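In this document, chain identifiers A, B, C and D correspond to the written order of the chains, with residue numbering beginning at 1 in each.
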């Protein structure tokens, strides 16, 4: 994980996620499926809410084509939110990769990776990423 | 709704809830079931997170015995959170009623009411509300 | 509940619902919000899947305007599904009421009631129920 | 995927999953996170419900340590359930791998892989798989 340590935190998108009662399963920990909600919430923040608030052009359509997720440590109820830190890797004309860490200052709970494809919803077909989209992705890339 | 207008907002518990991508159904609006999550998140804030942050004694066990929920206006994606405003009515020795509004400054989306019973989880039996619990409930009662 | 006992079971829509791991919360019981999913699954069975399988005309748009739900007994993990029994009451030109019991042969876990309005999704406006819709509703009405 | 074709279907665990209204997101397809629920439902069927129905000894505690999931084709509303086919690979003393296909007779929607570790919930520590557990896993292994 040397690459993670060397990257400055400013290049990551930070989403603060409250642990919800509904996240905790009958074992007393955040359920493995619910962590995917944390990643979705962070992506929705990064690709919809943030752009909307900044008055910037939104992305024209994105679909998840793959997730990899490693559960490193159980997360229980806590009053303080955890951070979902997200950054961009491997920007290609039609897709890119997101990497994530769900963590706080002391512990790393989850690491994950998603492949995201640019998609034309109306034509139901792949599309190329636009200039504005590529510029935005580079803000959060290594 | 005259009683609502006359009550000062300071007596309500305010929980800010972001509209999540997962809340929005295939009709493009927050799904009716997902609004119950909004109420649960507000209750978890009010009865767990807030008390934990304040270093106060937590409630000893509560269960929902009834919900009533009225959907007044559809809620779509928005960058700004909505407010879940919660207050307490009809405090009895073994139960109380919560009333809620999910709203922003302009619109009221949902009104709801829950009956909450004090419950002894270990004995799996009803219990009486304690002094500290009753004092806390009164902060948010009319 | 005399009315329930006197109604013949044949007039109710029966939906068998498996208790899912995700339904069970940190108290070890099906969470109160998750039971609303049971009701939604039963409605989706009654108003979409059943009609589709029978090759019948689907409903033209329905929205929930109110839920009332009473939690009568906790439901834990079980290998056998529970039954969501649904029937129709108070058919009006633009809306109707559903009543539900979530139960098995021995126990009643939840009773609930929903007000459902006919809605024209394209015009985003209320609409009147059609002849075919009214006929279908009467199959499950008292 | 040659190995999949050569494996006889009889060695796979088959779980029939209804497409629920709540699974479908604002794009009109089953949401990528919801498919993880399909996998969880299949695992719960395989490791809890089936064993319970057969009167067999249940597993003593399992945790997911990794998921990989590939989205191959969008899945929309349909009246008929899809099949979650699950089989076992790489059985080790303390963990095993599950592979899954979510499919019907014509199409493959999702392929996935999970690493599952044997866990002692009371001691909050890894444990070795027991004889009965290993025997059960072999029923579904290549």
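Of note:
The rule is simple: a contact is a pair of C-beta atoms (placed from the backbone, for glycine too) under 8 Å apart; a residue touches a chain by one contact, two chains touch by 3 or more.
Note that the structure is a prediction, hence the values are computed from the model and not measured.
The chains that touch both chain A and chain B are C, D.
A rotation of 180 degrees, rounded to the nearest 5, superposes the Cα atoms of chain B on chain C.
When the C-beta contacts at A-C and at C-D are tallied, the pair with the greater total is C-D. Chain A and chain D have Cα centroids lying 25 Å from one another.
The centroid of the Cα atoms in chain A and the matching centroid in chain C are 36 Å apart. Annotation: 29 Å between the Cα-based centres of chain C and chain D. Counting partner chains per residue, chain D has residues 21-22, 33, 37, 40, 77 touching two or more of them. Interface residues of chain A facing chain C in the complex, by the touch rule stated above, are 21-22, 24-26, 28, 31, 33, 77. Of all the residues in chain D, the ones that touch chain C in their complex are 18, 20-22, 37, 40-41, 43-44, 48-49, 52-53, 77, 79. Within the complex, the chain B residues that touch chain C are 27, 32-33, 36-37, 40, 63-71, 121.
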